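Here subunit A shows up in two complexes: once beside subunit B, once beside subunit C.
Here is the complex of A and B:
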């Protein structure tokens, strides 16, 4: 663990001490090495599941894929930001990279925490670098509004979580995930157990986001620079899912009744956000709403609490992380060339940038959950477990899948097919850096098809 | 009770004790430690009396600070244009606002495109739109011009359907409609007895879709409707463009720089504040000053007859309009008359006033550096011809006059619509040479179709593009006044 954490932490002095000419290659190389080393975590051979050298930081088959995803994402963030930051002064570039590295440290510590309070502190700590990235490097005046929504939605959701965790600590005497499974269920009056359930889950439901509390996400994603959007979509949303999966064990009997409205809300959110996507004009906004839809399915899968549901949720989280991040990168390549996010004005790009169309195609297919990509594996597991719980959910999930397919195709056809507008005749061709970025996103996604066991190990 | 009184007495004596230790050291009866530092009037703390005001002040602050309010921690000048927009229309005249309205009308979804209209002069003191005579005619020689006039007249007949804003006053464009019929000299003399028809061979009289209207009302109608649909209006002058340059070799072996505008630098009036507006498309509807924008981009500076030397052949030309009063004139029965010599006049109002103007000869072009009126031009060049055509005009008195610019296309006096080959994302809608106002609704629609649909849909105006300038084939309009 330290072999990952220390190099990530020392990425910050690296950025500040490297000469400007070697800044980006150095940071890229170091973060890539960290990512490759993190792949060794996937080699889980422990009986109890937990791989740990001490009792404070540990990995298990639930957190390992998420950790590997976040470590893999840091070099991609660096690669994606290189172009739009190249015109800024050196100290601002270094500040940006330091913020990303700091965010990475907090994320790694959050996913590998064994103590729930540590997880909570890191969960909150990730808000600060993200807020700074959104409000300082975003593109428009609306980014301030976006930052406020982002910060306060999550904070308001998570303050009750602190109280709930402290109460849990009081009752059980420990908050260590290693032993939380074996503790006695907490007994309290029915009403207060309901409130406690909401307090525990609220923060994560806002973070995921659940459909009713999702307003911060389109704003934050649209106004953030590309690296901010990528890390938000790929990793920070999964913090919510991870927290939910960890805490569900202690919420045992209350969840049977409390989960019901939230499952329905999540499924309804899939349908509603899918419909919203169909009439979006802003490309990044479309991808943001599609994130809400996919995460709605994940929330439903986690709240079902069957092994299939939880497995499906984990697989969908990883697959969605890679896919959504890839789509944001593609949207950014568009934006850097045409300076508009409006799909009406940036159409027919297959004629101008045919190689990028290939990546658009694969990313759109991944978004609509084409077999044999892991997106479909996750969705299928979740839909099956929901059907087992209640056959009526098939209506919502079926319609949701249909709408997901239609808006993904709509996005692809709108941006790539059709006549190229006259004002976009001579665009700069795709850079190798952009191709590398897309390959590093989509190749792991396709490789997971060959060995899905690395993601399925958690809940057999 | 007595203890209380004792305490009060003690306090008072203490205060008195504090207040006067030694009478000899005081100055003007004041002590050193209780001298107040204010020299103004004494301020009483009426907190409880002003409680109502305090509450409402606090509530206003709270409403501002909460999300949804207007307050931001960063002081943003509200007059500055936004940091980015999809389409920036440079020029807030009737053509610019018409394009803005049509863009919003065709955007298919609400807030589909973000449109800004930039106008450098909020008073419109030099804008060609408001200084125009406001006539509309279909009698052009070029097919495209005729179609544009027909469509624009059709638009203006139903103007409230198009430009009416809910809950606001309807648009009153004060137009006079007056199908073209050809009249022989005798018919002409019968219809208009006040005309001298001796040297007239043929007169063509437009019965429908011709006349005049109020240009300011049309422009404001477009503006009001466009703003109600979400177009942002900003007053500022464009001082430059940030472009990305792509150097390519043409088939002829020439190396040209294809420029793509990334930012439009807008400077506020009378200030050094500027805002670079990031945009995808720029529309040049700057009228008489369009060539300045092209120069800012550095286009057209190469040798002539090459692609890099292809500049925008539009320059401002000053034209005068005179208002005169003639009591014995044609009266209410006066149409918009365009004489063979190039003079036009029309009735203005109901009191025997008429508006007239003409284009001077090529070699007598007036100086464009200001909008001063040359009255000798009227007395020497125009009055004789007016008097010849309408004998009653021998006795007239010029009551007022003004001058305005034509955005004169020196190449062939017709509109230039479309993209310049070297400015990849700048659409032009300029060079109308005196008939821009009357074509503005149809031009707006054509540009909106070009931008949003990728090609002309209703009227095919490809003949008015840059290709004719590149291949040096002028499409002359013969009926220019």
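Here is the complex of A and C:
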């Protein structure tokens, strides 16, 4: 574990000490080496599940795919930000890269925490670098509003979580994830157990986001620069899913009753956000709402607490992380050329940038859950286990899948086909860096087809 | 009408067509001339920007900007009218209660069957 954490932490002195000419290649190389070393975590060969242990930090088959995803994402963030930061002074570029590295350290520590309080502290800590990235390097004036929504929605959700965790520590004497499964169930009055359940889950439901508390997400994703959008969509949302999966073991009997409203909100959210996507004019906003829809399925999969549901949730989280990040990169390639996110103004790009169309095509197909990509595998497992939970969910999930397919195709056809606007000029051709970025996103996604077992987690 | 000359890039509007303007008052004709002059000036500016070889960016269309702002900010201008309240209740509130009722009765029915021992447990691949 330290062979990943120490290099990531020392990315910060690296950025400040390298000369400007070698800054981006150096940071890219170091983060890529960290990403490649992190792949060794996928070898989970311990009987109890927990490997790479020290007293504070461990990995197990649930956290490993998420850790590898976040380590893989750091070089991609660096690669994606290179262009729009090139016009800024050197110290600002270094500040940006240091913020990303710091965020990465917090994410790694959050996913590998063995103690729930450490997870909580790191969960909160990830907010600060992300807030700084959104509000400082965003492009429109609305970024301030977006930062406030982002910060306060998550904080308001997570303050009750602190109280709930401290109460759990009081009752069971430990918050170590290693033994949380074996602790006595906490007995309390029915009403207080319901409040305690909401307190535990609230932070993660806001982070996922659940449909009713999702208002921060489109704002934050749209206003963030590309690296901010990528890390938000790919990793930070998954922090919520991971927290839910870890904490639901202690919430056992209350979940039977309490899960209903949230499963319903999540599934209805899939349909509603899908429909919202169909009438979006802003490209990044469309991708943001599609994230809410996919995460709604993940929330439903986690809340029903069956092995297939949890497995499907984990697979869908990883697949969605890669796909959503890829789509934000593609939207950024559009934005850097036309400086507008409006889809009407950036149409017909197949005639101008045909190679990028190939990446748009693959990313859109991944988004609409085309077999044999893991997006479909995750969704199918969640849908099957939901059907087993109650056959009526099929109405919502089926309609949701249909709407997902239609808005993904709509996004592809809107941006690629159709007439190229006549006033479009000075479109630089696709850079090799952008092709590399897309390949690094979509190649792992396609390789996962060959061995999805690495993503199954501890379940089947 | 004799001293109205068409702008080079503008077409003559229908109301300035000689066949039509015998019944129009002079004030109306003057107003139409002014409006046509304004329109042709706007078109000229657009064409200048369109054909400017040094232009690097999109030509800003204020109507499009307003439309995009309107589509992106519905909540700040939301007014609870009868129609919006009905839509909100129909799509936002009622489905949650209906779905809760549907799922609860379905699951409670299954619970009752399990308690009575009548649930037929077929082989299931997914669970």
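Everything below uses one rule, namely that the second predicted complex is superposed on the first by the 456 of 460 C-alpha atoms of A that agree within 3 Å, B and C clash if a C-alpha of one lies under 4 Å from a C-alpha of the other, contacts with A are read in each partner's own complex, and residues count from 1 in each chain.
The rule is short, and it goes like this: contacts are C-beta pairs under 8 Å (C-beta built on N, C-alpha and C of every residue); 3 or more make two chains touch, one makes a residue touch a chain.
Note that the coordinates shown come from a computational prediction; the quantities given were computed from them, not determined experimentally.
After superposition on subunit A, the partners subunit B and subunit C are seen to clash. Of the two partner chains placed by superposition, only subunit C is touched by A:388; subunit B is not. When both complexes are overlaid on chain A, the residue A:265 reaches subunit C alone and has no touch with subunit B. Once the two complexes are laid over each other on the shared chain, residue contacts for A:281 go to subunit B and to subunit C alike. In the superposed model, C is the one of subunit B and subunit C that contacts more residues of subunit A. Using the contact criterion defined above for the overlaid structures, shared-chain residue A:148 touches subunit B, although it does not reach subunit C.
Within the superposed three-chain model, A:452 lies out of touch with both subunit B and subunit C [touch as defined at top].
By the document's definition of touching, both partners, subunit B and subunit C, reach A:339. Looking at the shared chain after the overlay, A:49 reaches neither subunit B nor subunit C. Looking at the shared chain after the overlay, A:428 reaches subunit B, while subunit C stays out of its contact range.
Applying the stated contact rule after C-alpha superposition, one finds that A:7 touches neither subunit B nor subunit C. In the three-chain superposition, subunit C clashes with subunit B only at 436-444, the remaining stretches of 4-12, 400-408, 436-444 or 454-462 being clear.
Once the two complexes are overlaid on chain A, the subunit A residues touched by subunit B in the first and by subunit C in the second are 281, 338-340, 342, 344-345, 422-426.
Chain contact summary for the complex, subunit A toward subunit B: residues 139-141, 144-145, 148-149, 152, 279, 281, 338-340, 342, 344-348, 419-426, 428. Partner subunit A is touched in their complex by these residues of subunit C: 50, 55-59, 64, 67-68, 71-72, 91-92, 95-96, 99-100, 102-104, 106-107, 124-127. For subunit B in complex with subunit A, the residues that touch the partner chain are 67, 72-74, 76, 82-84, 86-87, 107-109, 111-114, 244, 246, 248, 258, 260, 262, 278-281, 418-419, 424-425, 427, 450-452, 454-455.
Partner subunit C is touched in their complex by these residues of subunit A: 260-261, 263-265, 267-268, 272, 280-282, 285, 306-308, 338-340, 342, 344-345, 381, 384-385, 387-393, 396, 422-426.
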